[in-house]
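A single structure is presented below for examination.
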Amino acid sequence: MSKVKDVLENLREKIQIHNPRIVNLLSEFYATALLLFFGIGVVCQFVLSHEKLNTWINVNVGWGFALGLCVLLTSKTSGGHMNPAVSLLMVTLKRLSWTDFFLYCIVQTLGAFVGSALAYVVYLDKIAEYSHGLKLVSGANATAGLFTSFPGAHLSNCGAFIDQVAGTAVLTTCVAGIIDKRNGVPGWVHPILFGVTLITIGNSFGMNLGYPINPARDLGPRIFAYLIGYGGEVFSFHNYYFWIPVIAPLIGGLIGAWTYILLVGSHIPDPDKHVVAEKDEELQALG
Amino acid sequence: MSKVKDVLENLREKIQIHNPRIVNLLSEFYATALLLFFGIGVVCQFVLSHEKLNTWINVNVGWGFALGLCVLLTSKTSGGHMNPAVSLLMVTLKRLSWTDFFLYCIVQTLGAFVGSALAYVVYLDKIAEYSHGLKLVSGANATAGLFTSFPGAHLSNCGAFIDQVAGTAVLTTCVAGIIDKRNGVPGWVHPILFGVTLITIGNSFGMNLGYPINPARDLGPRIFAYLIGYGGEVFSFHNYYFWIPVIAPLIGGLIGAWTYILLVGSHIPDPDKHVVAEKDEELQALG
Amino acid sequence: MSKVKDVLENLREKIQIHNPRIVNLLSEFYATALLLFFGIGVVCQFVLSHEKLNTWINVNVGWGFALGLCVLLTSKTSGGHMNPAVSLLMVTLKRLSWTDFFLYCIVQTLGAFVGSALAYVVYLDKIAEYSHGLKLVSGANATAGLFTSFPGAHLSNCGAFIDQVAGTAVLTTCVAGIIDKRNGVPGWVHPILFGVTLITIGNSFGMNLGYPINPARDLGPRIFAYLIGYGGEVFSFHNYYFWIPVIAPLIGGLIGAWTYILLVGSHIPDPDKHVVAEKDEELQALG
Amino acid sequence: MSKVKDVLENLREKIQIHNPRIVNLLSEFYATALLLFFGIGVVCQFVLSHEKLNTWINVNVGWGFALGLCVLLTSKTSGGHMNPAVSLLMVTLKRLSWTDFFLYCIVQTLGAFVGSALAYVVYLDKIAEYSHGLKLVSGANATAGLFTSFPGAHLSNCGAFIDQVAGTAVLTTCVAGIIDKRNGVPGWVHPILFGVTLITIGNSFGMNLGYPINPARDLGPRIFAYLIGYGGEVFSFHNYYFWIPVIAPLIGGLIGAWTYILLVGSHIPDPDKHVVAEKDEELQALG
């Protein structure tokens, strides 16, 4: 057991980065890349197997657990935002500076780009078979939707905007409630509940656009799709829809969390009023 | 870290409502609105995608996790009943006064109304496409079922009544067992297990009516459907079925919890008989 | 809060049964009835909706979570065996006397009977629609399979016996590992992991017979089906198969748990060898 | 309660093996056999029911929970690697000697062989019905895929190699993050999160080959299939593909975990910087 510590602790002594900003940027890049590696893989299985080797519940569970695991891995460094909408919320909570916010946005988008590229490599053969070698944004063998969101014919851009505001609002609503110390959820449970939240959003607000609700998750892979040959249509499609999942989540993210804070979080009674009862419960919890 | 506390703690100092009744009513309204926002979204995905972009497991998981998250967010204020059947149970347990019960019923129903309305806005385009602009209670393109329950042809109103008594009874059975301090479940786990309970009910008593088992959840959105133009049929359908999911859950809720209390909960041996063994386990639990 | 205690604590003072055997028998009856109420409901949704309003994952999740919740509710009284195979294991572990074992078997079977009857009432209308009023054990509109297991044509009774030994063996294998104090799983997590175990069995050993793996669960509803008019065929079908899910689980239950105990459980190193490291982890766990 | 301890503790005194290597090898054999018993059962239900009595989500959940339970049962002895790729990682972390690594590989492969054989026995009748008694590696009634992986026509061996590196890399990435003490996940939660990780991999990197990502899991059952008469084609198929899921996971396993260690794990700030805040949270966690 002592030997174990030696390997990792010795390494740590040699390579540990002590600048918190660099550590956090590295973590945001890493976490977002891992999230998209998982997530684009999930979408590929759903689409390329013709919705057989992933059905919709797999898509929800896959993205949800991937999010939970990625947050867990970076929970003690940057906290695993992986989403500019979450980072912007943290700015308004003064947990993050504006400078950090812009840097986070960049590395998150870059991470999403890299994660998508890696997943693309894993499914290269299968994509080639499915698309007959074509790189189409819409139509029967279209595969641009593997990477980023494209609205269906039924949805107006106004509806898309509302959808993205709504989806991100419920995300940050739950995030704000889960991390509220007064709700008493142990720290190690937070990532799991973030995953549960995303699963629930996929079950409730996933039909219109596939719940990107994350500017980095949507834009990074869109740029990747553009660069590998899907053409300018990835941006111009549906009357330049592409900016909606970039801007709307930032607004929704603030609405959701702050509504919770204003209507519920700020009014939780102080626990000292129930100290005896709480102690009682604490002992039970250990029983 | 200190700055973080400042933002939220400063805000709290300024806006905290100290009247517990107002805090609790606000929380019940908020939680029920959020629950229905999620939940109507879940049903919309199930119906409007022709049971493809949500299958039944998604419906169960979506409602279950939504319930769990909504309880969690309001667990330290009102406790997140969101359901008059649960509130009535709390009256019989003397955790809630009759006055509070009636006020809870009102804000829960109002919350359900508002949550449904918000989900309706998100799926406006998709509903229009599915219903061809019609607002029908029954038939091929009917969409009133997105909001509230309507029995199938096979089910008598007597069967519907039994179904709602049964479904709510198992709900409060599990709630009573989970919150029973002698069962030793930590407080932060309760909301998650309430969600698990609802998933299980959706798997076992969801076929007849879609398990409303909640007067506010059923009546609020029914009124909403009436107001947006589905007509009086939302009330008169199936020989005025609408009152069944309002009244039956109140009865079922009492039967379930009190059966548990009378047959099991009241007979759990006092832990002091096993103190040494318990302490042992406690240490293991921390290991 | 003090008022709350009054209601339940006052009641408890008046009605608490202090004879442990009666408390435990009551709990076993209650838990098994609740389990079958949930479980037969789950099967009804699966069969009567033509595998649409429950798919196989719903069946697994429904039974698994139902088991977990029923164990939780009776975890501090009888422990929630609900299964003679588990009770027999407890006899060999000297946690239960032979007298108690026989009494447990009776009340478990009785509970399973009552739970099935209650679920039958809930789905009366739907069963009538599906079966066209017939009570058949086999064929297109057969509904005896709603209550108890019947082997498919491909399965020999020898294969059925092996299947039931195997399924129950993995059940008690996991039960033995979960409750082994040296594995350090907190007590309140046990019921949840029992549920997870049953889900896993439904995913792996559910195809041949639908994983009864419980004499009470299989025999109680079979007697119920006989009494409500399905006839002697519920016993004579497939060359008197009915005794297999009664006897085989008792054998499998012993094989599974004792294999774990002999091969793994008895050899877990005593924790005092790693005290320092453990303490370290304990603190982290609380972090 | 005292009697209980007597049975198991008395047995333990008599049979406990004190040689850690033998205990660990026994545990690795046992855990891998149990994992494959569950897992091959899961695949059998998926294939033999024509993807009805297990859909893809059942496959993911079944394998994931089976892994979690098997790790849990052996978490205090060998740790439940069940996978040479994980064991090799432990060698590089100096938690395991090279000698132990080779012995682990042997007993893991042997365990996988035995577990497959046992599952085969359970599904003998059903396999006979499905395969019409034939033992084919490819084609309409092929059943060799019940035991081990075979690539589809679309996949090159190069793509297969990348797939296995990728899948195992994300597995050990998450394992490394979950067991990192600085991430503060309690020990009893680790097995559950390993299961969640495997579910997520099944949702994201399961389409190409069915995510063996484990040399023992793939090779042991392949040898079994060879011995029971599927012929040399189990090795020669697809230009001798069989070595890829043996070698690629060893490489991927190192890449994943070490990338996490180098980019995130080594840079987690020491908790002493936030001691006050942590203590606060600790108390909440117990609340």
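Labels for the chains are A, B, C and D, by order of writing; each one numbers its residues from 1.
One rule holds for everything that comes next: a contact is a pair of C-beta atoms (placed from the backbone, for glycine too) under 8 Å apart; a residue touches a chain by one contact, two chains touch by 3 or more.
All values reported here derive from a predicted model rather than from experimental measurement.
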{"item": "Chain B on chain C, rotation in degrees - Cα superposition, rounded to nearest 5", "value": "90"}
{"item": "Copy pair chain A, chain B: interface residue numbering same or different (half cut)", "value": "different"}
{"item": "Gap in Å, rounded to a whole number, between the CA centres of chain D and chain C", "value": "27"}
{"item": "Approximate Å spacing (C-alpha centroids) for the pair chain B, chain D", "value": "38"}
{"item": "Multi-partner residues of chain C (at least 2 other chains)", "value": "55, 57, 184-188, 281, 285-287"}
{"item": "Footprint of chain A on chain B - complex, ascending", "value": "3-4, 6-8, 11-12, 15-17, 20, 23, 26-27, 30, 34, 37-39, 41-42, 44-45, 48-49, 52-55, 57-59, 61-62, 65-66, 68-69, 72-77, 118-119, 121-126, 128-129, 181-182, 184-188, 271, 278, 281-282, 285-286"}
{"item": "Sites on chain B touched by chain C in the complex", "value": "51, 55-57, 60, 92-95, 154-156, 159, 162-163, 166, 170, 173-174, 177-178, 182-186, 189, 193, 196-197, 199-200, 203-208, 260-269, 280-281, 284-287"}
